[in-house]
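Structures for review follow.
What follows is chain A paired twice: with chain B in the first complex and chain C in the second.
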Partner chain A sequence: MKLNKDKLADFLAAIPGKTIFGPQLCGETLKFTAITKAGDLCLTANNTNVPPKSVVFPQTETMLRFEQWATDIKTAEPAGEIVLFGIKPCDARAMLIVDNVFSWGVEDPYYLTRRTNSTLVGLACLDPCVNCFCTSMGGGPTSTDGLDLLLTDLGNSYLLEVLTGKGEVLCQAAGKLLCEASGADKDAAKLLQEKAAVQIRRQIDPSGVQARLPALWESPVWEKISASCLGCGICTYLCPTCHCFDMQDETEGVESRRCRTWDSCMFSEYTLHASGHNPRPTRRERTRNRINHKFSYFVDKFKVIACVGCGRCINHCPVNIDILDILSKVGEDVL
Partner chain B sequence: MPDFDKLRALAKETISRDDIKYLIGWRQGTYGYRTSPHFVRIPEDADQLIFSPLCSSNLATYLALAEKRPVPRGSQPDTRKVAILVKGCDSRAVVQQLVEQGIKREAVYVIGCPCEGVVDLRKLEEKYPHTLDRVGARWENGNVSLDLPSGNAVFPREEIVAGKCLTCRYPNPVIADVTLGENVEVSGSTAFEDINRFEVKSAQERWTFWRDKFNSCIRCYACRNVCPMCYCAECILDKQNPAWIQRSVNISENTAFQLARAFHLAGRCIECGECERVCPVEIPLSYLNRKLVKEVTEQFAFTPGVDPEAKPLLVGYRPNDKGDFIL
Partner chain C sequence: MNTHPYIPNFATVQDTWYETYGDRCIKTFKVGFDDEEVRDSWTHLPGQCAMIGVLGTGESMISISCSPTEGKFLRFSVMRAGKVTKALHELEAGDKMTVRGPYGNNFPIDEWKGKNIITIGGGIGQAPLRPVIEYVRAKKSEYGELTVVYGARTSADLCFKGEFGELARIENTCYHLSVDVKEEGWPHYVGFVPALLMEVNPSPENTIAITCGPPIMINFVLQNLKKLNFPDDQIYTTLENRMKCGIGKCGRCNAGNLYVCKDGPVFSYATLKNVPEAFA
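Moving on, here comes the complex of A and B:
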C-alpha cells in the first residue's frame, strides 16, 4: 500500500475517534504532542528531544483526587484511544521493553490501558543520527518490533507496511486514500532502508557486558566515569526505556491529588532513606546503577537489554558521558 | 592560546607536586565537536589535556560537586589542593565561591587560561551537522578555526561563539596561581542591550514568551547541577517537607522553580552561561540571569566574582546604595 503525501491530512482525518500524537516542534523542543492538523507534524527530523514515552507514561500523571474533610476519592478518567504517528522504530521497541515493567507482578492500569489503546504508526528511520546504535541493541532503523504500521518515506509518498490488526484498521478507515504500491516502490524502499542501516556507524557488541558487570562492582572504572557526571536527569528523562517514577500527594488549599512523576536514579534524593542514610551516596554508585540496571538487572529479569540505542543520552549529556564509551570500558577492564 | 605541549607539561609538573590531589581540565570528547571534563590523577593522564574554543564546560562546578566520603577510621582526610583550569568566566566562579566561603583559597590551585570565546555548538551545528569524527579547533587572529572532516573552516568569532562570550568583560582569569598563554583583549560591553530590548515588550508579551519556555521544562535540573554557584548542601528543590516546589511538572511549578533558581543567583551569577548551554529543551536562561545581573549592576554597582576580598552582595549593607526600589 502507498499513501501520497498530499493525502496525509485526509489520512489522519479519516482515523476514527482517536487522538493523534506526533512529533511537533514546541518552541525549540521536538516532542510528541496531540496534533490538530497534519501541517504541525515534523516528520523529517531525527529523534525527538523528548521520547514518545511521554505520551504513554506522562511525566506527571494525576492518579486520584481528594478533598479535605471529604471521604470520596475521584480516580483518573480512563485513557482514550490514541495513535502515535511517526514514531521511530527505536522508540517503539522501547515501549515493548517498558511494558515488561508495568505488567510485572502488578498490572499497572494507568500505563497498560494507554498501551492497549494505542496504535503505533512507525516511520522508518532513513537518516539516523551520528550517535544512533540501534543495530547493536537488537533493533534497526526499520525494525518493526512493537509497531502496527510502518511508513517508509519515498519522497512524494509513503510506503505502508501493515503489521497488525490495529494497523489494518487504520488502512481500512483510509480506504480509497491509499493506492497499491508497485514493485518499483518496494525496491526503492528497500534500497533506502539498506542505506540507512549502513549509515549507523557506532557499533558495540553488548553480549559480554552482562556477564562482566557483577565482577566490576568495585572497579575504579565507575569512579573514573562518574567524575565528570553532574548528577542531572537528562540521560534518564530523555531515555525511552527509563521508567522510574515517584508518587507524591500534592495539596493546594483543600484540594489534593496523588501524582506520579518521572524520577531519576541519577538524583541523590532517589535512594535517600527516611533515616537519612543513602545506599547510593555518590555519583559513582548512581552511574554504576544506571549501567547495571540497563545491561544486567533488566536482562536477568526480562531477558532483554533496557537500551534501544537511540543515542539521546549521548547527544544531550552536557559533559559527554557516552554510554558506548562506558560499555567499551566495561569490556576492556581487566577483571 | 597556549599549545597543548605547554599545557600538558605544566599539568604534569602540577600533578607531580605533593600538595595537589588531582587536576581538572578538558579533553577531546568521544565524538565530533564535544569535549569533556578530564580528571588528571597521574602524570600520564595529562597527555589527553586540551584547551580550545570547544572547551565550554565551567570546571569550577566540580570544586563543590566532589562528594566527601567518610574518612576510614585511623586515616587522615586528604587536604591536598585541587588544581583547576579556568577560563575568564570560570575564574569568576572560583572567586565567588571564595567570597561565599564555599571553598577555601588554600584548597585550590588555579591555572588561568585566557579565552577568546567558546563555540556555541547550536550555532555550529546549524552550519555543519554533528559528525562522528573528532574535530579540533583553535583561535586564530580573532577567528575560530575548525578542522572539520570536509576540511578546515574559519568563522569570524562573532558568528560562532556563545552569546555570553559576546558580552564577556572578563576573558582573562581574575584569579590565577599561574597563567597559560597571553592575556587577550577585552571586547565585551557593559551595556545590557539584549535585556533592554526584551524589557520594552509588554508584560503580556513577556509572559507569553516565558510561559512557552517554562512549559517545555522537563525539570531535569541540569541547569542547577551545572551551575558553579548552585552548591547548597540542601536545595529548596529537593525539600520534601515542606515541598516548596512540588514534583508535578506543570506551568505553575516550573515557573516557581525557574524563578527561585534565578533569584537565588541574584548578585551571584557570574554569567558563564552553562545553564543555558546544557538545557536539553533550550530555555534561554541567560535572559533571566542577565536581567538580575542588570538590576544588581544598576542598583548596587556590584559585580560578583571579581574581588576575592569582597563581601557577598546580599549580606552587606552600604549606606550609599541607591535604594530607590524601596517602597
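Moving on, here comes the complex of A and C:
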C-alpha cells in the first residue's frame, strides 16, 4: 500500500475517534504532542529530542485526586484511543522494553491503559544521526518491533507496511486514500532502507558487557567516567527506556492530588533514606548503577538490554559523556 | 474494595503510644481497616511491609510490626524522620491513615518449624523482627528455642521495652538486651549488638538467625554469624531502601538486580552475599 503525501491530511482526518500525537516543534524542542492538522507534523527531522514515552508515560501525571478530610479518592480519567504517528523504530522498541516494567507483577493501570489504547505508526529512519547505534542493541532503522504500521518515505509518497490488526484498522479507515504500491516502489524503499542501515556508523558488541560488569564493581573506571558528570539527569529524562518516577502529593486549598513525575537515578535524592544515609552517595555509584541497570540488572529480570541505541543521552549530555565510550571502557576489546 | 494498585485503603488509628522520645522519636500505631471487606481479606506474614500515609502529604514504606496471630489489626512503629513520618506522628486515636499492601516477601517462617530461631536487632530494626517473635510465640510448640538479641544506643532508644519481660516466662525463650554506653542501673549488656551476639554465642545447629538494624550493624552481625559458623542459608536479613510505588515500577529501591520492594525485603545471606550493593 502507498499513501501520496498530498493525501496525508486526509489520511489523518480519516482516523476515527483517536487523538493523534506526532513530532512537533515546540520552541526549540521537538517532541510528541497532540496534533490537530497534518501541517503541525515535523516528519523530516531526525528523532525527537523528547522521546515519545512522554505520551504513554507523561513527565507529570495525576494519579489520584482527593479533598482534604474526605475519604473519597478519585483516579484519573481512563485514557482514550491514541495514535503515535511518525514514531521512530528505536522508540517503538523502547516501549516494548518498558512494557516489561509496568506489567511485571502488579500491572500499572495508567501506563498499560495508554499502551493498550495506542496505535504506533512508525516512520522508517532513513537518515540516522551520527550517534545512533540501534543496530548494536538489537534494533535497526527499519525495525518493525512494537509497530502497528511502518511508513517509508519515498519522496512524494509513503510506502505502508501493515504489521498488526491495529495498523489494518487505520488502512481500512483510509480506504481509497491509499493505492497499491508497485514493485518499483517496494524496490525503492528497500534501497533506501539498506542505505540507512549502512549509515549507522557507531557500533558495539554488547554481548560481553553483562558478564564483565560484576568484576568492574570497584574499578576506578566509574570515577573516571563520572568525574565530569554534572548530575543533571538529562541522560535519563530523555532516555526512551528510563521509567523511574517519583510520587508526590500537592495541595491547593482543599483539593489535593497525588501525582507522579519522571525521576532520575542520577539524582542524590533518588535513593536518599530519611535517616540521611544514602546507599549511592556520589555520582560514581549513580553512574555505575545506571550502566549496570541497563546492561545487567534489566537483562537478568527481563532478558533484554534497556537501551535501544537512540543516541539521545550522547547527543544531549552537556559534558559529552558517551555511553558507547563507557561500554568500550567496560570491555576494552569490545569496540 | 478497590483493586487499583495505587488507591490506598483507609484505616482508623485505634491506639498510639511512643516507644522512644526525642527528635527522632518512634511512635507505634495500632490501626484497623475501615472497610470490612478489606479487613477480612487482608493477610500478611512476618517480614512484609505496607505503604502507609496521610493524604495530601504522601506515603512511606513501613514494616508491619505485628504478627497475624495477634488479631485483625495492624501495627506500625514509625520513626519521625521525614515529611510523611512527621505527618503520621500527628495522628492520634480516631484519626485516619491510608494503607496499601501488604508488599514484599516474608520470612519463610512456616518452613522454619522445628528449628531454633535467633533474632538480632538494633534500634528501629526491631520492628520487622517483632512479628517473627510474636508468630513463634503464638506457635511455640512448633518451634525450638527462641532467642532475642536486641540493642540500642541507650535504654531510652529501645523499642517494645514492655514486651521482653514476658518472653522470659515462655518455655525455651530468652532475651538479651544491650545499650552502647554504660548507664546507671542498666542490668543488661553494655556494648554493641554484634559483640553481644558473640557473648550469647548461639550454636548454628538447626538454628535460623535473622538480623535487622542499621547497615553498619548488619554488616558486623553478618561477620560474627560467620565466625559462629552459621551457614549462609541459615542467615536472613531484611533490607530497606527509599521507595515510592512499592510494586517494582518506580525504580529506586534496587540493590543490584534485586528490588527490595518485590524481591525482598527479606533475603537470605546466601542470596545477598553476591549482591554488591546490598549493604551499601
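Throughout what follows, the second predicted complex is superposed on the first by the 332 of 335 C-alpha atoms of A that agree within 3 Å, B and C clash if a C-alpha of one lies under 4 Å from a C-alpha of the other, contacts with A are read in each partner's own complex, and residues count from 1 in each chain.
By definition in this document, a contact is a pair of C-beta atoms (placed from the backbone, for glycine too) under 8 Å apart; a residue touches a chain by one contact, two chains touch by 3 or more.
Note that the coordinates shown come from a computational prediction; the quantities given were computed from them, not determined experimentally.
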item: Chain A as common anchor, with chain B and chain C clashing or fitting; value: fit
item: Partner chain(s) touched by A:248 [first = chain B, second = chain C, both, neither]; value: both
item: Which of chain B and chain C A:238 touches, first, second, both or neither; value: first
item: Partner chain in contact with A:77 - chain B first, chain C second, else both or neither; value: neither
item: Touching partner for A:227 - first (chain B), second (chain C), both, neither; value: first
item: Contacts of A:28 with chain B and chain C, given as first, second, both or neither; value: first
item: Contacts of A:180 with chain B and chain C, given as first, second, both or neither; value: neither
item: Geometry of the superposed three-chain model: angle at chain A (Cα centres of chain B and chain C, steps of 10 degrees); value: 90
item: Touching partner for A:6 - first (chain B), second (chain C), both, neither; value: neither
item: Superposed arrangement (fit on chain A Cα atoms) - minimum chain B/chain C Cα distance in Å; value: 5
item: Overlapping contact positions on chain A, where the chain C interface meets the chain B interface; value: 246, 248
item: Residue numbers on chain C that touch chain A, as the complex places them; value: 4-8, 10, 34, 55-60, 79, 81-82, 85, 96, 214-215, 240-242, 244-245, 247-252, 254-257, 262, 276-277, 280
item: Chain B - residues contacting chain A, complex; value: 29-32, 34-39, 57, 61-62, 65, 67, 69, 129-132, 212-213, 215-216, 218-222, 224-226, 238, 240, 243, 246-250, 274, 277-278, 280-282
item: Chain A - residues contacting chain B, complex; value: 26-29, 31, 49-50, 59-60, 129-131, 201-202, 224, 227-228, 230-234, 237-238, 246, 248, 250, 259, 261-262, 264, 267-269, 281-283, 314-316, 318-322, 324-325
item: Partner chain C, residues of chain A touching it in the complex; value: 63-64, 66, 68, 71, 73, 75, 101-102, 104-109, 214, 217, 243-249, 251, 256, 258, 260, 263, 265, 270-275, 277, 279-280, 285, 289, 292-293, 296-297, 300-301
